[in-house]
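What follows is a pair of complexes built around chain A, which joins chain B in one and chain C in the other.
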Partner chain A sequence: MTSTKKTAISRRSTLGLLGGAALAPAVLPGLSGFAQAQSSAPIKIGFQLHRTGIGAAYGRWYERTSNAAVARINEMGGINGRPVELVIEDDGTDPKRGAEVVEKFATQHECDIGFGTLFSHVVYGSAPRAGELKLPYFVCSEGHHVASGALNRYVLQPGITDVKSQVQAMAPFVADNLGKKVTMIFPDFAFGHDHRDFFSEAIEAQGGEVVAKIAIPPTETSFTKYFPQIPRETEVIYHVMVGPAVLTFVKEMGEFFGPSRPEIFGFIDSLEAVDLSSPGLEFLEGTYFWEGNPRYAQADQSDHDKAYRAAIGIDDNGASLTDSADVSTYAHMFSCWETLNVIKRGMETAGYQGPADRVKLIEAIEDMTDMAHSDDHPQGAKLFNGKTHQVFGHQYISQVEEGRLNVKHTTAIEDGFYEDEVDYTAQSF
Partner chain B sequence: MSDISRIHLLHAAMVVALVICWFVLPVYHAGNLARIMVFAIYAMGYNLLFGYTGLLSLGHALFFGAGMYGLGLAMHLGGVFAGPGILAGLITALVVSGVVGFLALRTSGVAFMIVTLMFAQAGYLTVLLFGTYTRGDEGFVLPQATRALMGIDLSDAQNRYFAALILFGIVLFFIGWLVRTPFGRCLVAIRENEERARMLGYDITRHKLIAVILSGTISGLSGAAYCLLFGSAQAAFAAVPYSIFPLLYVLLGGMGTTIGPFVGTLFMFYLIDWSGGNMMVAGVVLVALALFAPTGILGEIRRRFTPWLP
Partner chain C sequence: MEFGPHLMLAALEGAITAAILALTAVGLSLTFGVMRVVNVAHGEFFMLGAVAAWFISTTIGGHPAWGFIAAVVLAPLIIGLLAASADWLVLKRLDYDPERTIVATIGLLYIIQQGALIGFGPNAQPVEPPFSHRIALPWFEWTEAGFEMYYPWGLSTNSYKLFIIFAAAMLLLGLWLIMTRTKVGLVMRATQQDRDMATAFGIPVERIYALTFGLGAALAALGAVLIVPVQQAYYLMGHDPLLLSFIVVIIGGLGSLRGTVLAALLIGMSDGIISVFFSPTLAKIIATLLVAMVLVFRPQGLFGKGVH
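Right, the complex of A and B next:
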C-alpha cells in the first residue's frame, strides 16, 4: 500500500512501529508466504466509471468493453504472471465525486493505477488528486486537456486521440470534398468551444473559412430560432451537438432545409448509442460523420475488429448481440480496450511489481512510440507522444447511406499532428 | 455547568476530536474528513440563513461558486498567491451575496426560493458564457506548486487536513458566538415569528440582508477552500445539485444547530460512499430519515436528550 499521509511522528505510526517490532518474531515465518501471495495477487486497476449521470450511456459500454479487455488479458496470462482485477467505482459523472473516487482507488482499494474517465470536467476534477497521490491515471476522454499541459505527469491518454487532433485531421476532407464556407453549430460549453476554436484554425489552413459560429446554450430544447442565422453562402454545416436534444436538433434542421440542403458534416458524438434508424434521423441520409472507430462493420473489416466485436458481444451494426436496439458507443469505447493493453505493455516493459514501480510504469509508457494495428489496437495503428502523454491515430469519415455509416476516407496518423504544447517528461515525479 | 459552558466545551471537544481523527483514522477516511469539513463550512453558512433565520434558499451554489471562481480565477489568470486568492474569493462571495440579498429579499417564501434558484442558474450560465476565461463546464486546475500559503504546501494531505480543520473551527466558533448575540437572537426571532419581531421594533430587512451576506460569504469561503485545497474549479459546483446538497446536509444533521451541518455532511458523504454512488439507496435512507427524524439527527437528539444543544 502506498501511504500518502505524511505525518512525521504520529501516535498511530508509533503504535504501529512498536506493535510491529513486538510481533515480528511471531509472524516472521509467515512473511515469506505473504510475499509469495503478494507476487501472485491481482493487479488492481481502479475504473472510474460514469455509471450514472450524464455520461451513463457511454459508461455502460465503457464498462462492457473494459470487462472484455480484462478477461482477454487474464486469458492470456495476466500481466507479469498476475491476474488483473478491475475495481469499479461510479463517479456519477461529477468532478467532486471523481476526485473522491481517485482517492478511494489510491488509499482504500490500494489500486495500482486509475483508469477510464471520459468526461473532461471529471478529468479536470480528478487529475490534481491523482498527481498528489502519485497514482498513474489513464483517461479515455478525447479532451485536449492532457496534451495542452494543463494536467500533470501522472495523467496519460494513450488510447484515444484528442479533439484537436481529430478536428485538424477532418479539415482537409471537408475543404476538398464538401465546401470551404462552413457554418459551425456547437454546444455553448467547453467541448463545443474546442471544436469552434480548433476547427476554425484548421479550415483556414486549408483555404476555407467559418462564415458563422452558432453556439447553442446547453439548456436549449428547440433549435428552430437558430437555423435562420445560417448564412445563405454556407456550403457546409459542421455540427457537434450532444445530449438528449440531438434528435430534435436533427429533425428540426431537416424541416428547416427540406430537400435542398448544404453539405452536412458532424461528429458522431451526437449520435453515439443512438440508432440511426430512429424516427427523425432520415434527414441525415447522405451526410458525413467523423467516427473514432467505424460503428458498422465495413467491407474491408480487419480480423482485429472482428475479434474485438466478438469479445465485447457486438454485431456488425454496432449494437449488442443480445439486443439490436442497444446501440454501442463504438466510436469511443475502443479507447478502454486499447488503454488497458497499453497499460499491460507498459507494466511488462517496466517489470511492474507494485505501487513502488509506478514511476517506472509511466517512464515505460513515455518511451512508447509505435502501436501496430493488432488485436491490442483494433481501431488502427497509433503513435504515442511521450512528451505530451497523448496518442495520435487514424480518423474515419463516414457517410450515411441507406441508414448505415460507410467509411469514405481514413486519415493518415500524421494528419492529426500538431506542435507539442508541453513536455511532461521534464516535470519531476 | 451552565449551558454556555457546555456549548463551549462541546465545540472545543469537537475540534479536539477532529485533531485526533487525523492520527487514528485510516488514510482514506482522514482524506474524506478534510473534504467533509470543507463542505460542512458550506452547510454551516447555509444553516445560518435556513436554520436560524428561516429563509430557504435554493441558490446557494451561486455563493459557493463565487468563492470558488473568485479564488480560482484570481490565481489561474491573475497569478496571485493563495492568500490574496482567498481574499478575492471572499470578496466575490460577499459582493454577490449582497447584490442577490438586496434583490431577492424583496420577495419571501416560495418566491424567495424561486428567485434565489434563478440567480444561481444565471450564475451557472455566466460561468459557461465566459468559457474563454472559466473553461466553462470543463473548468481548470490550479497547479500544485501554486497551492501554498505562507510556505505551507496545501496539496499535502496533512497540511490540507489541518487547513480545513482551522477554517472549520473558525466558522464553527464564529457561528456559535453569533447565534448567541442579540443579532443572532433576532434572526431566530425572525424565523419563529417575523411579524412579532417587526412589532418589537427590529429592522427585519436589515437583519435578513446581513444574514444573507454572512451566509453567502461563509459559503463562498467553502468554495474558495475547496478550489485551493483540492486544486480544481468546475461549473458543476455552481449548478443546481450543489444548491440542494447544503439543504440536505442541514435537514439531515439538524437545522438551527451549530454542529448539525457537520453531522449531516458526514452522514450524507458516507451514505453515498457506502452505497457506491447509488443514489437510490441514498434516497430511500433520506426519505426514512425525513419520516422518522423530521428535525434531523441533532434535532432529534436535542429533543430527546439534550435540550441545551446549541
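Right, the complex of A and C next:
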C-alpha cells in the first residue's frame, strides 16, 4: 500500500517536473522581460476600496479577490516583467471621499492607474477627478454610468456587465415565467435608478408593465413601512437592495407577505454576503435571483471557477474556507479579478512602462473585443465594446431550492446588447 | 393596500418607533434635566447597546432567548458604567459647563463611533429575536356576498414587535416609579430643581450626576437591545435615534419626563403613519417643522414649565 502510494507520488512529481520544464520557455520571456524592463519598480494600482460605510461587506471581498488576483499575476511574472502592487485607500463608500482618494492615487502615491470602485454614487463622484488628473480609472460597478456616456475617456468597465444590459437580458425570463405586472423595489440612488429606468423599459418591451416603483434610501434600517405601497394586482416583486440592512429588508418582506406571496425575482445584491440559511429567509424557497456569478458551485462547474474559488479561499457554498458564516459577494467580486487581468493584458499589449504610457494603455484596451472563458475570466466569456468602454457577458438566473441557489437559465451575451450611446474613442485625451 | 388595513399597519409600525424613541429620549431628557448637559453622544450609547447585545448573544449562544435575557440585563449595565466613567473622566473636569460639554460630547461621539468601527467592524450584524411569530391580522369588508373577513397581504405583525411595545411601556412605568417614589428619584429631582441648594442640603451632587449620565445612557442602550432583533447592530446606527430624541425632547419640554413620553408618542406615531402613507423623508420634514414651530411659539416645549 505504502509503496504504491510512493510510486504514485513520485510519478506525479515527475509529471510536475516535466510540466515545469515544458512551461519554462513560456516563463522565460517573462524573465527576460524582467531583465529588459526599463524599471523593475512595481506597477502601482490604486485600489479605491469600500472598507467602511454602506459598502463594507462588498469591500471585504473585493479586497480578498483583488489580493488573490494580484498574487496570481505576480506568480506568473508580473506585468511586463514588473511586480504589481495594490495601493489601498478606503473611501468610506462616500462620493466626496472617493474623489479625494483618486487625487491621492495620482499625486501622492504616484499610482499608474486607479481601480476597483463598486458603488455607483462613488463612481459618479470620483470619475470626473480621474479624468482631470488623466488617471485611467477602472470601475467594477455594474452601473450604466460608463456606457451612458456620462463619464469620460479615462473611465472603463471591462470586468462586469452594466445594469442596463443585465436587466434587458433577464426581462424575457421574468415576463415569460413569472408574470407581467411587476412591482419594483430598489435603492434610491444612481444604481437603483438604473434598475428602475432600464427594467421598466425592458419589461414593457416584453408586453409587461411596472405597476409600482418603490424607492428606499440605501441607509434605511426598517422596511415594513414601505411594503404597503405594493399594489394588490402585483404578480411579481422585483427587488434589488444594497446597504448594511439588506438582511432585515428581505426578512421583513417575507414577514409582510406571510404564506401568500406573489412571485419574487430578486437581484442577489439584496442578499450578497448574507447566508441564505439565516433564520427568516425560509420564504425565499422557490423564488428566483439574478446572479452575476453563481454563488453555489453548480453541477457543470468549470475548472476556471474551481481555480478561482481556490485562489481566493472560497468553498462550494460561496463562503470563506476558514469561516462558513463569512459569505462572499460572489455575484460581483469576479469583476475585480477579471478587471485586473484585463489591465495586465492591456499593459502588455501597450508595452506599458510608466504614467507616460497611460494613453497607450487605454487605447490598447479600447481595441479589445473577445475575452474567452478562461482562468483570467472565470465568470464566463465576454465581449468588450471599446467605444462605450463597457463589457458584456452572460447572466445567471438561479432558483432557491432547499436553501441553495441552482442556476436555471443562462442568458446569451447578445441578449444584453443595446445601441451604443457614446463613442469615447472620438473624445480627445 | 386599502385604507383601513394600511392605517392599522402604519399605527403598529408607529407604536414600535414611539416605544423605542420614548426610552431613548427619556434618557436624553434626564441628562439634560438634571445635569443641564446636552449629550450629543447619546445616539452612540444607543449604538453601543445594540453592539453589546450582539456580542453578548453570540458569546452565549444556544437558544436566542438566553442571549436576549443576558443582553437586557448586562448591556445597559455595561453601557451605563461606561457613560458614568465618561462623566467622571470628562464632563466633571469641565465643571458641567453647558458649552464645553457640548463640544466634549461631540468628541465622545466620534471616539465611541470610531472605537466601534475598530472593535466591532464595519458590517451590520443580526441578532436573533428570543421569539418571533407572525401574527396575521384579519380585516373586514362588505361585498355582495355580505360581511366578509379576509387576511389582506401584509396586514400582520409579529409577537416580538408587540413585546417591544409592552416592554418599553413597563420600563417607562418603572422609571416613573423610581423618579417619584424612591429616595434616588427624590435626590435627582432635587438636584434638577436647584443644584446649589441640593449641595447645601448635603446631596452628593457629583455622584448624582454620574448616576444620571449613566442612567440616561443605559436607557438608550436598553432601547437598542429591544430593537436590535428587528434591525441589526451597525456602527453608524446612532444617528437617527439622536436626531429624533432631540426633536422629541425639544417638543416635549426640556427635562420634563411626562412631556418627553407624550412627544415620543406623537413623533413616533406620526413618523410611522406619515412614512407608511407618504414617505419617510416627509415624516422627518414634518417633525423638524414641528420643532421649529414649538421653538417659535412655545420655547419651553409643550409640557415644559418655563424658564426658572
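Annotations for the structure displayed:
One rule holds for everything that comes next: the second predicted complex is superposed on the first by the 375 of 429 C-alpha atoms of A that agree within 3 Å, B and C clash if a C-alpha of one lies under 4 Å from a C-alpha of the other, contacts with A are read in each partner's own complex, and residues count from 1 in each chain.
The criterion applied here is as follows: a residue touches a chain if its C-beta (ideal position, glycine included) is under 8 Å from a C-beta of that chain, and two chains touch if they have at least 3 such contacts.
This one's a predicted model, so the numbers in the text were calculated from it and none came from an experiment.
Of the two partner chains placed by superposition, only chain B is touched by A:Glu132; chain C is not. If you count the residues of chain A touched by chain B and by chain C, you find the higher number for B. In the superposition on chain A, contact of A:Gly143 is made with chain B only, not with chain C. By the touch criterion defined above, A:Lys96 reaches chain B but does not reach chain C. Touch criterion met: A:Gly258 reaches chain C, while chain B stays clear of it. Once the two complexes are laid over each other on the shared chain, residue contacts for A:Phe191 go to chain B alone; chain C is not touched. By the touch criterion defined above, A:Lys104 lies against chain B but remains apart from chain C after alignment on the C-alpha atoms of chain A. In the superposed model, A:Leu151 lies in contact with chain B only, and not with chain C.
In the superposed model, A:His121 lies in contact with chain B only, and not with chain C. By the touch criterion defined above, A:Ala57 lies against chain C but remains apart from chain B after alignment on the C-alpha atoms of chain A. The residues of chain A shared by its contacts with chain B and with chain C are 51-52, 217, 219. Every residue of chain A that touches chain C in the complex is listed here, in rising order: 51-53, 56-57, 59-60, 217, 219-222, 224-225, 227-230, 232, 244-245, 247-248, 255-258, 260, 273, 278-280. Remark: chain B residues 22-24, 26-28, 30-32, 35, 125, 128-129, 131-132, 135-142, 144, 155-158, 230-232, 234-237, 241, 272-273, 276-279 touch chain A in the complex. Residues 1, 6, 9-10, 13, 117, 121-124, 126, 128, 132, 134, 136, 151-154, 156, 158, 230-232, 234, 236-237, 240, 272, 275-276, 280 of chain C touch chain A in their complex. Interface residues of chain A, counted against chain B in their complex, comprise 3-7, 10-12, 51-52, 89-92, 94-97, 99-100, 103-104, 107-108, 120-121, 124-125, 127-129, 131-132, 143, 145, 150-152, 188-191, 193, 217-219.
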